[in-house]
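Read from first to last, the chains carry the letters A, B, C and D; within each, the first residue is number 1.
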Amino acid sequence: MIKIGVFGATGYTGFETIKIIRHHPMAQLMFATSESTAGGNLGDLYPVDWDIPLISAANAPLDKVDAVFCCLPHGASMSAVMAARQANVRVIDLSADFRLTNSSVYQKWYGIAHESPQLLSEAVYGLPEINRAKIRETNLLANPGCYPTTVLLALYPLLKAKLLDPTASIIADSKSGVSGAGRKATLKTHFVEVNENLSPYNIGQSHRHIAEMIQLVNELGGVGDNLIFSPHLVPISRGMLSTVYVSLSDKLTADMVHNLYAETYANQPLMWILPLGQLATMAHTQRTNLAALSVTLVKPDQLIICASIDNLGKGAAGQAVQCFNVMFGLKEETALI
Amino acid sequence: MIKIGVFGATGYTGFETIKIIRHHPMAQLMFATSESTAGGNLGDLYPVDWDIPLISAANAPLDKVDAVFCCLPHGASMSAVMAARQANVRVIDLSADFRLTNSSVYQKWYGIAHESPQLLSEAVYGLPEINRAKIRETNLLANPGCYPTTVLLALYPLLKAKLLDPTASIIADSKSGVSGAGRKATLKTHFVEVNENLSPYNIGQSHRHIAEMIQLVNELGGVGDNLIFSPHLVPISRGMLSTVYVSLSDKLTADMVHNLYAETYANQPLMWILPLGQLATMAHTQRTNLAALSVTLVKPDQLIICASIDNLGKGAAGQAVQCFNVMFGLKEETALI
Amino acid sequence: MIKIGVFGATGYTGFETIKIIRHHPMAQLMFATSESTAGGNLGDLYPVDWDIPLISAANAPLDKVDAVFCCLPHGASMSAVMAARQANVRVIDLSADFRLTNSSVYQKWYGIAHESPQLLSEAVYGLPEINRAKIRETNLLANPGCYPTTVLLALYPLLKAKLLDPTASIIADSKSGVSGAGRKATLKTHFVEVNENLSPYNIGQSHRHIAEMIQLVNELGGVGDNLIFSPHLVPISRGMLSTVYVSLSDKLTADMVHNLYAETYANQPLMWILPLGQLATMAHTQRTNLAALSVTLVKPDQLIICASIDNLGKGAAGQAVQCFNVMFGLKEETALI
Amino acid sequence: MIKIGVFGATGYTGFETIKIIRHHPMAQLMFATSESTAGGNLGDLYPVDWDIPLISAANAPLDKVDAVFCCLPHGASMSAVMAARQANVRVIDLSADFRLTNSSVYQKWYGIAHESPQLLSEAVYGLPEINRAKIRETNLLANPGCYPTTVLLALYPLLKAKLLDPTASIIADSKSGVSGAGRKATLKTHFVEVNENLSPYNIGQSHRHIAEMIQLVNELGGVGDNLIFSPHLVPISRGMLSTVYVSLSDKLTADMVHNLYAETYANQPLMWILPLGQLATMAHTQRTNLAALSVTLVKPDQLIICASIDNLGKGAAGQAVQCFNVMFGLKEETALI
C-alpha cells in the first residue's frame, strides 16, 4: 500500500480527492488536514464507517507517507509543498503554484513572489495524455487547472500534427460549474446571484489560467498568444465544457479530423472521443474522471472542438489521482472508472 | 403624488420595493439609501432610464417624504423607524422589529433589547386581509414575515369560524426560496451548498417567525402553542409554499371547507382561492404579489391547506406596498397586479 | 460470480442499478434489456470500456443468469417477473407490482388486475432493516418505493417500541427530486415547469405509495389509516426528504428518542443516525446508498423525524442491490458504500 | 385603443405577449386562441381578475381587431397570417415563417414549402434598432429569432461602420434558457436531462437561425458566410447570452469601440450599453425587454461582444410589442420598461 496524506481536505477538491482515494485499492490515507475544522473528523461530514481525524497542516506526519495531495489555494500551497519535498515525500499539487516554469510569469499573473522558484524546474505539468513519460519520473507534479485541461486536450492532436493555422486566433469559449470557484462564500457564489444567470468573467486574455495554456501551446510548437479564452460561470454545481474554435492550416474532411483525434487518444483510458455527429455535453462526463471530446468541421479549414470534463474529476481530483497512478507505476485508471 | 423614501435599497426586498414603486401611479421615490453602495446610483444596477442616487441612511431627507419603506435587517431598522416617526413620516417597516407587541418577547427571540418599546403599541401588523381597518389608520406598519403570511392566511378562515380543534397540533411544513435568506454571502447560501439540496432548519418551535404566528393565532382566538412550524430551504430563488395540516373541531365536507375559504377571502384583490381538486404550487404566485390557497379535505376533520406566495412579493415588498395603498386610501392592488 | 440480468436498463433506475453492479466484485452482468434502444449498446450511453449490447426483453437469456433486476414500470413488470420465476431465476423487482400482498388492493390503487396473484404470497417486501430474515430466503423480492422507504424507516423504531399514539395522525410531508418521476417526457417534467417551482401532488391519502406504507404500518402493529402523506416535486434531479410528524403515546426526552433510533439501527451498514441537534438534509445522502435520519423532539410527546435518501440509491437501485446482497449471503453493503 | 388578438396564447411566447399587453395603456386584447385548451379561460392559468376565453384559431374574430400577434410554431403560422392579412389586419408574426425573403431559402432550412411566398416581399424584419423606418410602414412584421437578435445587435455597429474584417470568421457562441425550446415535452427538455447539464447543439452553420443572420449581415454589407454560430442549452428557464468574437479591419482602442457602440445605440430606449470593464450577463436583462451589450477589446483588432437578452422579452414577446408600438406610432418603449 502506498501511504498518502491530503492537505486541505474540506475544500471541494480535497474532499473529492479523498472520496476517490477511499476506493483506491493501492492507496491508504494516513492524514487529512483542514485549518477550518482541525480537531474534527471527516466522519462528521460523510457517513458511516469513516474515522479520519482532521488535523492542522502544521501537524501533518510527513514521515509516515509516501505522497501527498496538496489541495490548498495557490500561494498557500507553496510552503506545504516545500515541507513535503524536504521530507522526501512525492507531491501532487493541485494549486497553480508549480504549473508555470518561470517565476516572473507566476508573479505577473498571481501577484505574489514565488517562494521556492528552485522547485519550478523539477515540477512536471500533469496532463498524462501529453506528458506521461515525465510524470512517471517526477517527484513534484503540478496538476493542471480545469480550464487548461479542456483546452489543451482539445488542441493537442492539432498541435502534434502541426495543423493549426499559426496566423489565426484560437478561441476557447468555456463554461464552468460553480464548484470550480471554491467553497468560500462570496456574493459571486450566492445562490440567488448564480441561479438563473450565466456570466462571462475575465474574458479575452485576462484569466490566470491562460498563462499555463499559453506555456503549453508554445511548448507544443503552437503560437500561445493566438489564444483567446473566455470563461463563463453557469448555474451548475459540477461540470465544464469548452467550445474551441480553430482555423486549420490545411483543408481536411470530417473523417480525417475524427481519425486524427481517435488515433491521438487511442489507448488513453480516460479519453472518450465521440463519434462524428455527436457533440460533447457536460452530462457526458459529469461525476466521472473522463474527458469527452467531439469534433465538428464547419468548413474544410474551420473546426469546432467541444471538450467536456467534470471540473472536480478530470479537472482536479481525478486527474491528480491519475497522475499519482502514473507516478507510482499503477494502472492509470485505477479507482477512476 | 405621495412622496416616499426607501431605506436599504440594494437588498432583495428593498430593490423589489423600488421596482414596484417605479410603476406606482401615485407614489414618487424621493430617496433610496444603501450603506454598501452609498455614492452610487440605482441606474448602475438596473438599466436605462433610472437616475436615483444612493445615499447613506444618515443623510436621508425625511422632511421631503410622506412615507418610508424600511428594508433594513431587524435590529438595524429600529433607529431608522424612530427617526422617521419623529419627523412625522409614516413608516412601513419590513423588518421584524415592530411585529411583536411585547418587547420582552422580542428580546427572547431576537436576542437584543428593543430600543423603542414605546412605539410597539402604535404598530399595526400588516396583513390587510385580517387587519385592514387598523392598517388604514396607522402611522407605523409592521410588515409580516413571509412564513407567517402563508401560515396565517391558511389558518385565518378556520380561526374566524372557530373550526380548529383546540387540542390538536397545527403543523406548518414550509418551503422557501433562497432570496428569503437575504443577500449576505454565507456558506448556507453558497450555490453549491444549496443547489441539488433541500434542508430543514430551525424546525419545531425554534424559528423566530413562529413568535408572530403564535401572537396572531392567539389574538384570533386560537391556541398559538399548538403550532409546529418547520421551514425548509429549497434551491429556488423566489417562492414560498406552506403545507398546513390541521384537525377540525367539526366534521365538514370538501365543499363546505372550500366555501368557507372562498367567502372569507371574497373581494380580496390579492387572494386566489383555487378550485377544489387543484393544489397551490409556487408557480401560481411566482413573481406576483398574490397569495394562492388550496384546500384538501383528507377526512371529515382532517384538512390540508397549501399556501403559496412569492417571498419577495406578498411575502415582503408586495405586501408592504399593499399596506401602503391601504394606509393612503388608494385602491389596494395599485401597482400590484 | 453471481450472474445477473437487468430488465429496463435505460430508465433512471435500471441505469443506476447497472452502474452499481459494474463495481460489484461478486456480480457479473450477463444481459441488459431496453425496448427503446434494443440493438444499441450501453457503451454508447456511457464511456470507454463498456460493451454491453442492449436487447429486447423477449430475447433475454434467462438460462444464463442467477438473478434479474426488473426495472420496468408497474404493470409491465409482471410478465418479466413471471418468466424469470418460471426459469427458476431469483428476482429483485423494483416496480410496485409485488409490493402489496392483496391483489384487490393492488387493483384498487393501480387500476389494473394483477396477472400473477399467486406470486404475491412468496414476494417479500425488501426493507432489510426491517425484513432481513425473510429477504435472505426469498426468490421474489419486491423492492420498496422511494417514499415508503423514508417514511417506514422514520417510523419503524417507534412502531417497534409501540410508542406511536394510535389516535393521532402521522403526517409525512415528503419532497422528491424529479428522477423519481421517471424518464418519460411530460409537461410535468418539462424543465421550465419544474425549475423555480415546487408542487404538491396527490396529497392526503391519494398517492399510490401510501398503500404499501399502510400495509407495513399495520403489519408492524400501528394504525395505517392514521397516515397522511403529501408528496411534493422539487427542482432537483436526485434526492428525497420526508419530514414526519408524530404524536407519541408516552412523554420522552430527546436523549431517550435518540437512543431508541441509535439502538434500533445499530449495526445497520446503510443507516446514518445524525447526532441530536443536526437535521437530515438531501445532501447527507445524495449520490449515496444511505438513509440518514434525524430526530427533533418538539414537546415531550411531539416528535419530528427527517428522513433523507437518494431516490435512486436507497430509494431504488441501491436498496435493490442491498437486498440482492442479503439474498445471496454477501456482505450487505457490498458495492454500496 | 388599438384592438388586438393573440394566436397561440398558451405557449411561452404567447403567454408572455399577453402579460405585456395586459399592462399596455393603448392596447386591448379582444381574443386569444389556443388549440390545446380551447374552451378554457386564461383566468384559470393566471389569477384573479382575468376573464379571457380561449378559442380555437378557426373562430378568431378578425373583424374586431386592428392587429394580431401570431405566436404559433413555424409552418403553423402561415395560414393564420394569411387569414389576418386578407382581413386587412396588421400582423406581428413571432414565428420564422416570414423572416427569410427568399422562399427557397425558407424551404431549405425549414424543410417545407412556403404557402404564401407572395407575402414575403411585404414582410419587414423586426429589429427596430436597425429597421425602424420600414417597421413603421409595414403591415406584416416578421419578429426576429432570439439568437439573431443578440448576434445582430452585437454586430450592427461594426457592420454600419464597415469595421469587420471581411476575411475572418465571426464566431457567435450562444447560450439559451430552455423556454426558447418551447413548451412541448421532449426528452431534450426533461428536467433531469437539462439540469446540471450544458449542451451544444446544431453548432457551426447548421442551426436554422443562422439563415436570418446571414441574410441580415449580407444586407448590411458584411459577409454572411463568415458566421459560425454555436447555440448551447443551459439549465435556466429564461435568458440568453451570446459571446461574439470578431476580427476588425482596423486597429482600435477600447474607447473608440465603446464610443461606436454608445453612439450607434444612443436614444434607443431598450438598448443598454455597459461601461467599459463590465460584462453583460443574463441577469442584466432577465425578465426585462432590454438588450445589454458589453465590448471587450482583446487586441487592437480583436473584439469580444457579449449580448444579453431575455429570450422571451427582447428575444420574442417584448420585441414584438416594441415593433407593434413602432407600427402604430406609439412611444416605442410603451409597456416595456
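We take it that contacts are C-beta pairs under 8 Å (C-beta built on N, C-alpha and C of every residue); 3 or more make two chains touch, one makes a residue touch a chain.
Fair warning: this is a prediction, and the values are worked out from it, not measured in the lab.
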{"item": "Centroid comparison with subunit C (C-alpha atoms), farthest chain", "value": "D"}
{"item": "Pair joined by more contacting C-beta pairs (B-C or A-B)", "value": "B-C"}
{"item": "Chain centre separation (subunit B, subunit D; CA means) in Å", "value": "37"}
{"item": "Centre-to-centre distance between subunit B and subunit A (centres being mean Cα positions), rounded to whole Å", "value": "46"}
{"item": "Whole-Å gap between the CA centroids of subunit B and subunit C", "value": "39"}
{"item": "Sites on subunit B at which at least two other chains make contact", "value": "196, 235-237"}
{"item": "Interfacial residue positions of subunit C with respect to subunit D in the complex", "value": "12, 178-179, 183, 185-187, 189-192, 194-196, 235-237"}
{"item": "Residue ranges of subunit A touching subunit D (in the complex, touch as defined)", "value": "169, 171, 173, 175, 193, 196-201, 203-205, 228, 230, 232, 234-239, 241, 243, 245, 247, 279-283, 286, 296-298, 302, 304, 306"}
